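What follows is a set of notes on a single structure, which appears directly below.
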């Protein structure tokens, strides 16, 4: 069964309380990086603001961002740290429309056979039945490969195992990834596997640790720093497999953010985490599907900046978010943040990736 | 690459300290169910005892069992509770031969390409590379289907999901199971899925809970008790899929042990856990491969009664034990018991089973 | 602040739909151990049944038990396996009263400062704030020691550590336990600690493993079997500390149920799990507070047989259930069963017990 | 029993192979941030290098750093990224002395009653006995308060609960912390608790979520950014409790590193993670005890930069590292890195902190 995009139904602003609601209030920023009191904080849902008597949909969203009215009449979403003096911030903390602010959580729900994708699923655990989630994901990814923008968020666990590393590389090569967000560790271990067959010194296939193999990790980093870029490293060392290789070869953007426990780092890693957030958000704001694997911090980071909808070519469609982790605590953490529109699977990402490859490639 | 059985090398008892060691000492049981002081407790390894100047291999083993010399000269392994007055128990707590007792942990190790199956693998976790373990298991199971005795130990988690329940059923139908050890819960949820499509009231495919579906669990139990046997239930209700169905249809013995949290129970469940142990041991003593899925207690129970070797048709071969669980704590627990000869995989058993089916059936 | 028992408010059966509801229907049992079709299954909440025009409260409850009308007009709760031919079972699967069956979940809620003990607390995890839960539990236990019936359900983890084993022993000695439900493993490790200072061969204080200490476990079991009873063992071996010792000394009933992975077992362990359930239920039906520590199966077993209320001396009061485990999965499992009236703490039971002792003894 | 520092025994370099070993080889850095081929990577242990016929102890260590010979004859430890052109790097990958490089893991072991603190403790889990570890830690901290440098590494979980937040604050006030390493999240939630009584919108004592309390988190950040510094914020808002308050009041350095999932950030958070590492290392190189609570990344970060020994006032003493986390996976991860000299406790950090306060303050 092919995937079908659910349609979006705008609220009926001819009804009350919308019709007689006042315009949303606006206060300007007086200090760089600081919002005015009573600023409105955005959710992951579509939010409408009444301005000049019209209900305007924010052009995008981002959890905990602030809505800023631009001179062209659009509403953009800005992080505190990026607020500029004179920015026009919408203030108010109600969500039901009567103050000119309306958070609309049900736009995709009512009239669609796929609408159960949005149902609140309580208590997902290792014992939840995941067959249907897998099948829906296969269909979704086949649709998204050609019609969407699939963003992967990767923890290092995806490259420790031979089969799963190959599986993910194949998915990238076959067009199932439009951007990859990760950190220094994932890229380091992946390149170590390409160059030495090991990850953190242990062979990714037979689990053996050759003598002095704990140096592989550092040697890879040192070689990469000497090469000056991952592209040069790959050429110099004739690397021909893995996540980094497949990304570069297929021109899939690879954003690597720095982390406090990094060795190295590799050349393209962004040391400033807020600058890294800005780079990540360039892709999450285009994302139609987000798949987060075995990384709690990057998952929350990317999840926070990914709204539940996207405007594309004049239409509004849902954004699908998946989070796969072996720990219930980790997947629940994302949902507890308010990102209820997330499909979580509790399993080892190795097996998850091999399933995807088997069913897609 | 086809699986090859490693050969076993007997100890060289012409060497010291074996040659000049005394006979092992024997003390008779004086009270039923109580071993004499200083009794020898068995391990999972081959153990030899010097008797009448000859080194005799115990005909089988069982962790924490007691070696009893029978009148026919064989050494059998008996649990405390099964000791009878006058049983001749071997006493002594050394293991290196100098008191006539020799525990032999290296019989399969030295000269075999598959010997790394026996290596101590420290720190297996969600981040261990499992590709090779999967591949070796596929080869092993293909060999064992025709040449061995594969015993499955199942927790209820194997039947909560549609695909994994189908996968395991297919493996049973295709001959990959020679006996199944489980509890009331696994069988109950499996039959609920067969009859109502739900497990504990939740649909095993789409996760939905129809109205009053929490009654399905009890209704299934009540119907089974009314039928009087699972075979009759399956006929009466025209059940045609699942673990219980496939076991019965393919005449695979299914041992169901009672547990303190059971509802019901189903007709064939054994209420006395020690009697259930005896029934389980009938199969573990024949086992050449043991696969334990998502059940901590049954895994330890079966692991305790499964030795690392088996004598079959005059030859001695290793017994392969696998333990798959999503929690590191659970798989480590088995290894901490001394069962180092266990291959553990940390993942969701749903995915594990679907992989097996994809690669075997 | 001293603990105050919330008062119970009976439903107003003068209102509709109660007033004009028909009597509940009754069907008699035709086969031993099998309920009639459409039998009513009980919850943990107070349930009222209309009989002869009167709304009668079941005298007790038990999850998944069946309501049976006795000739004296009382309604008792019977497990399937204990149903006798001619038992009068109430049938019907609605809960709102209109068929003569009313499940009443809010009897304690409306008018009490402690009523938040009953609130649904979503998403409890390692990051939940537990200070208030601890404080309320201290107050509750001080009240219950003199006015209630505190039942402990213990996994073996409570005796592996020196301080926590001492803490729990002290709580028992000081009157904070009226019954203890556990298995062979808890008692075995506890007595091994009393006799040898080790649990499963490892010293409970300094973590060291003396030579051949893995025999301690078996030696203890063998000595206990020789002694014939735990009381005799304690006298013979001059044991003076621990859970078993404190229970016996203070005449606190100790129910030990058999489990599939038991060695031994110890003399008083009940091999038949359903007989063990019957023994456990003798105490859970008296329980006013139930505290379950680090044992998934026994927790579910005891939780299933413990209702949310108890009738005592003509009044109805709530039963408080606590479940403490280090795994979110384990504590959520109990809640997923429908036992929402449970306070769960995610932590190591060692620390939990030491806190209790520090604040109570 | 008071804590006693174990003495350190230098290797006997008059013995072979030390005596006739060649000098260690040196190669100069040719490219900034890149080590010469075959560079030596440091461990957490004391390492000696033969230079001009003398065995010189590196003045400090840092896992995976590179030893650089300074013109004053000392050996310093430099991260790749901080290597400068012309730095003299010691090369060679043997550790036993015969190439002029000696890694010395046993300096504190042989002759000391506390030496078991250094024993390899396999398989620590939720079921390990922790009583002795607690007692030793109490003694250690009392010694270190006056004679050492205690560095805390804190995940946000330490401030979600009322009692544990108070406990840690008291420990800081009483002199048990000489530096604190954490991230934006810990400080944000702590200050939210100080200002609103909530953490991420949930009351830290009674778990309730007042209306719109999810704004507290953002409001706190916004106020802090407006204040411009945490000190000013605390004064302006009259904050009088918590981790941040106690640190500032007691002049305990508080290093806050940025993370990819941060909101805000707070004013003093260091956005560049490598600069943050440099700031952290200023304290870890002074650390005599390191206590890491519920933060996987910061724990590995700090653990990597903390050696197993420290030279102070001419003597060499051990550095004690503790890691407390509720997940076995997290604590094992640190040990798998090679940091075997770590004492790990598997529990909820809330309870751990309250125990510390009860026994120290």
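Chains: A, B, C and D, in written order; residue numbering restarts at 1 for each.
To be clear about the criterion, contacts are C-beta pairs under 8 Å (C-beta built on N, C-alpha and C of every residue); 3 or more make two chains touch, one makes a residue touch a chain.
As the structure is a prediction and not an experimental result, all values here were calculated from the model.
**Q** Give the chains in contact with both chain A and chain B, ordered by label.
**A** C, D
**Q** By the contact definition above, name the pair with the higher C-beta contact count: A-D or A-C.
**A** More C-beta contacts join the chains of A-D.
**Q** With chain centres defined as C-alpha means, what is the inter-centre distance between chain A and chain D in Å?
**A** 31
**Q** What whole-Å value do you get for the distance between chain A and chain C if each is reduced to the mean of its CA atoms?
**A** That gives a centre separation of 44 Å.
**Q** Among the residues of chain A, which are close enough to touch at least two other chains?
**A** 126, 329
**Q** Help me check something: in the complex, which residues belonging to chain D touch chain A?
**A** Its residues touching chain A are 31, 33-35, 39, 41, 64, 79-81, 93, 183, 212, 214-215, 217-218, 221-222, 225-226, 257-265, 271-277, 280, 297-298, 300-301, 304, 327, 329, 338.
**Q** For chain B, which residues count as touching chain D in their complex?
**A** 123, 125-126, 328-329, 332, 336
**Q** Quick one: which bits of chain B touch chain A in the complex? Just the residue numbers, please.
**A** Residues 116, 121, 126-132, 134, 156-157, 160-164, 199, 202-208, 294, 326, 346-348, 350-352, 354-355, 358 of chain B touch chain A in their complex.
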